[in-house]
Every structure is written in C-alpha cells, then in structure tokens.
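Lettered A, B, C and D in written order, each chain numbered from 1.
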Amino acid sequence: MSSFGIKNEKLAGWNRPPVFESDGEGELLEVAMGPHHPSTHGVFRMDVVLDGERVIKLKPVFGYLHRNHEQLGQTQSYLANMPYTDRLDYFCSLTNNWAYALAVEKLVGQEVPERAEYLRVILAELTRVQNHASTIGFLLQEMGASGTPLMYAFREREKILDLFESLTGSRMMCNYMRFGGCRVDASPAWIEATRKVVAGLPAFVDEFERFLMTNEILMARCQGIGVLRPDLAVNSGISGPMLRASGVNYDIRKVDHYGIYDRFKFRVPLGDHGDIYDRYMVRMLEMRESISILNQALKDLPAGPVMDPKAKIRNFRPKAGESYGRIEAPKGELGFYLISDGSPNPYRYRVRPPSFINLTVLEDMCLGSNVADVVLIFGSVDIVLGEVDR
Amino acid sequence: MASSPYFSLAVLFVVALGFGLAPLGLAWLWQKVFSPAKPNEIKNAIYECGLQSRGDAWVQFRSAYYLYAIIFLIFDVEAIFLLPFAVAFTGLGAAACVSMLVFVLLLIEGLAWAWAKGVLTWA
Amino acid sequence: MKSVEEIKAAIETAVPGAAVTVIPNPAPNAQHSLLIGAQHGVAVAEFLRDNEELALDYLSNVTGVDYLDKEIPEKVKVTRQVSKTVDGVEQTVDEMVEETRKRVEPGYLEAVYHLFSVAKKHGPVIIRMRTANRTDQVELPSLTPVWRGAEFQEREIFDLFGIVFTGHPDLRRILMWDEFKDHPMRRDYVEPDDFEYEPTAHDEVLKRAQEHKAKVAAGEAVQ
Amino acid sequence: MAVDEKLKIELGKQGVMVTTIQELYNWGRRSSIWPMQFGLACCAIEMIATTMARYDLARFGSEVFRPSPRQADLMIISGTVTKKMAPQVVRLYNQMAEPRYVIAMGACAISGGPFKQGYNVLKGIDRYIPVDVHIPGCPPRPEALIQAFMTLQKKIDEQHLTGEGRPRHLDEQAPGEFQVPEFGEHDLDPPSNPGTWTVPKIIQ
C-alpha cells in the first residue's frame, strides 16, 4: 500500500509544490519517519523519499491518534464535551475550553461577567507562555541540545501548572470554563500567587533569550531553512506564529476583538523571512507580549460574579441554529463550528484544528532540505497530535 | 623469567583483559544455562518506526559521498602522522624530514585537487 | 463587510447562472450562509477570492455534515373506489378519502466553507454545497485549487463522510487506515460488535451492551 | 535455600555483605530499567514532565529514554492506543529485547478511557500484549508514574530464577511472540489475542 500514489498528476497552478527532480545520480531511498519516531512529537508519520541526504518527496500520514473527538462530541451533551476539549491540544487546555465556550455563547447569545472575562484572558495568556516555552524547548531538543533548554522551559511550565492546579484542580486537564463564565472564582491567595509567578516570567524569558538568541549553532541551523512565502501561507490557511513569522499581520485577538483584548495594549510581533529562526523569535516576542497583557489584566482585575447568574446549566438545550467561534490559540486559529437542532446534543460538532491545517505546507518547506532540517522544520510548525488527528 | 622488566606489564595486561572478559563470559554462560533463546520472525524483523519496512536500504548512494569519505582520509590519517612528526621534529635528520614532508605534501596536493574540482562545496 | 444579500447579488452578477440561495441562521450571532449550486462552485469560489471588495483569501474551516433521509407524513386527497350501499343498491363509487402517506425526502451530504479575509480583516462568509443524495451522487467540486487550505480538510470529509471531491489533487483516506470500508462519521454507521463493559451504561451504550450479551449467550460472538 | 535474615544482619554489622545470585540479578535489573521513548498522547506529556527536573525519574535509574526498542527494557504506553496504531505497538513490543515490561499509563491505555466509545479506539492494550503495571488516571500525575516504577521494581524483586515464580524471559513455555493484528474492514483482524486476553468476569 504505497502512499505515494498521487492519482491526479495535474496539480493546480503555482500553489502545488514543484516535485523536486533529483539529478538521477544515486538511487532514491524510501523510508518512513514513522509513527514511532523520537522527533515526531507523538504518533505522526512522514513517508520520505531521500536522494542521499536531500528530501525529494515528503508525504505526511495522519490518523494514528484519531480518537473520534467529533463523533463523541455529537453523542454527548454540550457540557459533557467541555472536558473532552482539554484533550484536544493537551498543552493548552484552557484556550481549548475558551474557544468551545465562545462558540456556544455565540450560539445562544450568552453574556459573560467582567471578572470571568479577565480570568479567561489571564489563564489564556499563561497557557500561551507555557506553550511557547515548551515549543522552543522541544525545538532545541531536536536540534541536539538534548534536555537542557527543555529543563528550563519545563521549570517555568511547572510553576504555571501549579497555578492551574490550585485554581481548577488539575494540572493539564482544567475543564474550567462554562457557557457564561467560569466554574469557580479565583481566591485572593491565588491572585497573589499568580502575581508572584508572572513577576518571575520576564527573568525567565531574558535568561532563555540570553542563552539562545545569539547561539551560533541555532542561527546556523535555523536561518534560511524551511522558508514559507506569505501568499502561500495565507492561501493554505496557515494561522498563528507560523503565519506571523512570514510577515502577515493577522492575530485573531486584534481581528475578531473577542473577549476583552481591546482593553489591553499589546503588539503583534511579525517576522520577515518566514524561516525557522523567525518562528522561534516570534514565539519569544509573543511570550513577552503575553507577560505585558498579564500584568495589565492582573492590575485591574475587577471583583464581581464569575458565572452569569442567568446562565442555564441544567438541561441546556440551545434552539436550532449554528455558530462558528474562534480564538487565537497558542498554535493558531482554533475554531469550533456547532450546528444545533434543539436537542441537548450538538447535531454537528466540528473542531477547526490549527496544527492539522498548518501541516499543509510541510512538504513545501521541506523539499530540497536535509533530513535533519525536516526534523527542525516539523518542530517549528509546533503541532500536537491530539489536535491534528482529533 | 620473572625478572624480565616487561613481566609486570604482562601481568597487568592479563588482569585487565580478564577484568573485561570475565563479566562477559559469565553473562554468556548465564544466558546459556538460564534464559532460553526465543528468536521469532517478528522480533528479528527490521525496525522501521513500528512499520513493516518496505524496500531495501542497500541503495546505490550518490558518488559525492564516496569522495567525501576519501577526503576524510586525508584529514584523518594525516593528522595521526602529524602528531609524532611534530613531537620528534627537532631530533630528526634531514632525510627523515624530507620523507615526512613528501608524505604530507602528497596528501595536501590531493586536497588541493579536490578543492579545485569543487567537491568540497556541498550541492 | 457587505451583508449576505449584497454578496448574493454580487455573485449572481459576477457568475451568471450560479444558483445562490441564502440560508438564514436563527441563532443570535446571525452568521447566515449561502447555498451554492455544485456546478458553479469553483467559479464562485474564485470570484469570492479575487474580488477586491470581498478579498476572501483565507479559508478557515471546511466541515462535512450528514443529513439523513427524512420521512415527511403528508395529507393527500386520494379518490378511491369505496363500495357503499346507495339507497339499497350495492355499488362501488369513488370518493375523496384523506390519508397520510409517507414521502421520503432524500437526505444529502453537505460541505460548509468558512471564509475570512486577511487583507481586509473582515468576518466569516459561509458558503455551503450539497450533494444530490447520500448514496450514489456524492460528488462536489473541490475548492483546493482555489484555497490550498482545503486540501487536508476535504480529504478528511472524503474519509469520514464520503463526499467525493472532483479536482482534488490527492483524494485519499487521511484518518482511517486504507483497508477501512465505508464512512464512519455518517449518522447510520454501525460499529462492529465488541466486548462492552460500562459500569454506568445508559441509552445506546446500554443497548449495545445488552445486544452483545445476547449475542454471546446465543453463541455467535466469541467473547 | 533463602539466606536467614538474622545471620545476614549480624554479618552485615561486621562489614560482610552476604547475598544470593537471585538478589544480585534482580537488583541489577531493577535498578536501571531503560524505558522506550514512546509517547502517544496527553499522558506522554506527563511522562516528559516526570523526567524533568522537578519529578526527576533519574532517581530510579530510568532517565535514559531509548528511542529504539532494541535497547529498551520497558514500554510505557502513555496515551490512547487507536486501532490504526495497535499493530505498530504490538510489533514494537515484539521487537524489544526479552526481559521487557509494559506499563499501561492512563485510562486510555488500560481500557480505552474517555474515548472508549470511539470507532477507532482500542479498548485497552491488554488485548494484545501482557501488561505488568496499570496506572489509572487521565492523565496520571507524575507521582503516580513514579509509584508505578516502584511497583514494577518490587515486582522484579520478587521474581525467582528457577522454579515457579520465574519471569517470562526465563521460562521456556512462556510465549515470546505476540501476534500482530491485521487491518480488517471495520476492526482489527483478530479483535484480541486469545493467548493474552480473557474476558474479565464482572462480579456484581
């Protein structure tokens, strides 16, 4: 069952990759960087055709972690799906919750109290910091710095996970947001602990940057490799740090004006080459922006209810209709498309996975580069298999 | 016999060898006596990321890799000979120097040819 | 951003003969959608992408939806020979009788596209395309040549729902293994029978567990 | 012929170490179990967090995560085993060197977990390969994974070299090969390995 059979060779125009012609000197080696591979962030498979070290053709194969998230979503009630959204992108469970809650709130026109909006922004930005730190840690791990940068990143991540655990009860699977607010209020002690952690984050980002930014191995291995043109990125539906690294100014927090992001002053970092080094830098700068948002949000966090009293929890039956809600998740545009027919279960429950769609251009970036660079390019795309295969 | 100057060296050598081989021998004996060998077809199959491996790995590589190996020879072998040459340089006579230089320059000439041919600039 | 009706008018002027109808969305977020006829799908898509006013160059989401066949009871006036004794004489006379007849409305598979504009930064324009029915005519034009973002998502819809996208450069199964038969996300997909233990089983899971127990008792299934 | 404890302690006081080959053999094997780098889903992130500085799996001699099955002694199945991934998991288990152990980490690996009703999810990996330690949780905390390591070490400690309590790799009759399932039309071809999986009896 060779998976290279492209039946329809008539590829459409410029937006399909030119198949890289090898100069026919040596034989091609067909190998699978398969489901069990140290560099594939889980069970992702790339069928690679190599001419010596150079990649001639690369076909991603999905489905090894297809856990039927959407089918299960359609057999359960709206509220029962909330803990399942934690397991979509298992690095950022709170942004998944927020995206799902936003979609359902759009479906029924539900209001969210002030304090809940602030808590959502604080938790989402904390999630973004720990996700970007882990991504850079894994990227360096694949570059050969085995363990050390990852240790620094996970040290910060543990502090943030402690905050999540003390607030929501679980480190990774928070299941914290409800339609119309949040499940439990944040105690003053928790706010104080958050301030202390956020106060320590700039020192961590400085330390991380001092080690990595001018490291010549990193610059040699990352600059100019895996370049993604902005027009191809937009046409392929790429979103998140990968899109902004190619120079396209598109951040859903600024475009959709969802939540209360308009009240905070933050900039959107853009890259101009679209290579791995730009993606790394965009993530670093986004961490700094998140820290500034956190400081602003923690400064004027209002008192008040965390859950809209009129919100219906028991026997939640939205009227017929559909809604598409999306947010700027750390990996890109995470959207939920719900079609309801008045029953307690959604008729159609669809997740718009940023990691899955960002892999559309993996072959374009990897053609012609060495195998070792394929590992890096794949790491810089930053995918999580729970979201890719759903 | 015990008085020859190298005897202690021989004893040390034997002890070192024994120290290395004894555990291996014990492990081999242990494996023979206690744990039965259970080879089977799946266990001996080629490991390719959990899949059944397709195709063959004995492909004919590009010629650039063979040149790459030969040039490595220049740097590697020459470096080994340069070391003692540099150390003993002062005590050597003219003839020894000339013969050593012949060896070194011959290899440098090989490197110059490869450089001129552009083999070093990777595709 | 233009309203759905304006976009509909713009499409009809730009692509003559394109069947465009507005599907209202009763939910308060008012994300109405446009149902596009399958023949002119690619032409409409290219218009939406290249038009300066709309500039919908970013395809965010492609979703497959499965609508089952629906039986619609209908009151039908039927003339029927009814034997009736008219003033003592036995004769058959046709008479208007009202009866409800089940009219089966064919279900369809639907592909929903959410389009955004990165250039103009404006919100979702939703277009939908429907297949004729769920069994044999399941072709839809693929929009991958217009937006490459649709490539994997259309392959996923082909894999899980069975819509065949014509013009897709690489239409293969993406999530299930290649030897898998039929399409698991369809409403009428029945999973293979398997040992089922659910401590607090309810509705379908309970039904499936009891069926399995009956099968084991009847000796068909081995577990 | 167990060594009687009192004599052992007395000799220990005099600085004389007394042990049996079995204790030495088990101590050697349990103190450096090298797990295979085999992350499937969310539990893999908790496994990585366990190896990081805070929870530090290195205290149990297991911080070396070997990517290839040839050099690994332990396979931690951390995450949901889907039906598309099951043949690869069983083939990897077969390709591991013989004294090999399996930790089924998380509810998904034990019984399919929250995704049990999915059409592509295997209801527990013990249908195809023998599992030594089960860790409940979704995902189990890093401490639970460390407790699983201690359980596994205790289990290795109690193994005898000959006779009844022998581990699988010292026992001729114990099967060395576990059948790799094929891809069927809707399900894997043998839905479960007859040798290793029996229907659990539910005691009401």
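Assorted remarks:
Methods note: a contact is a pair of C-beta atoms (placed from the backbone, for glycine too) under 8 Å apart; a residue touches a chain by one contact, two chains touch by 3 or more.
In this text the structure is predicted, and so the values were computed from the model without any measurement.
Between the interfaces A-D and A-C, more contacting C-beta pairs are found at A-C.
Taking the mean of all protein Cα atoms as the centre, the chain whose own Cα mean lies nearest is A. Chain geometry summary: the mean Cα position of chain A and that of chain D are 32 Å apart.
Our note on geometry: chain B versus chain C, Cα centroid distance of 66 Å, whole angstroms. Between chain A and chain C, the centres computed from C-alpha atoms are 30 Å apart. Once the centre of each chain is set as its mean CA position, chain C and chain D turn out to be 46 Å apart. Shared interface positions of chain B, i.e. residues touching 2 or more other chains, are given as 49-51.
Annotation for chain C: residues 175-179, 184 touch two or more other chains. In chain D, the residues that reach two or more other chains under the touch definition are 84, 88, 92, 117, 119-120. On the side of chain A, the complex with chain B involves touching residues 2, 25-37, 45, 51-52, 54.
Residues 1, 3, 5-8, 10-13, 15-16, 62-63, 66, 68, 70-71, 75, 106-109, 232, 234-239, 248, 250, 255-256, 318-324, 326, 333, 335, 337, 339-340, 347-348, 350, 352, 356-357, 359-361, 389 of chain A touch chain C in their complex. Residue ranges on chain D touching chain C, taken from their complex, read 83-84, 116-117, 119-120, 123, 183-187, 191-192, 199-200, 202. Contacts from chain D toward chain A in the complex involve residues 37-42, 44-46, 48-49, 52-54, 67, 79-80, 82, 84-85, 88, 92, 114-115, 117-121, 138-139, 141. By the touch criterion stated above, chain C contacts chain D in their complex at residues 175-181, 184, 189, 191-192, 194-195, 197-198, 205, 223.
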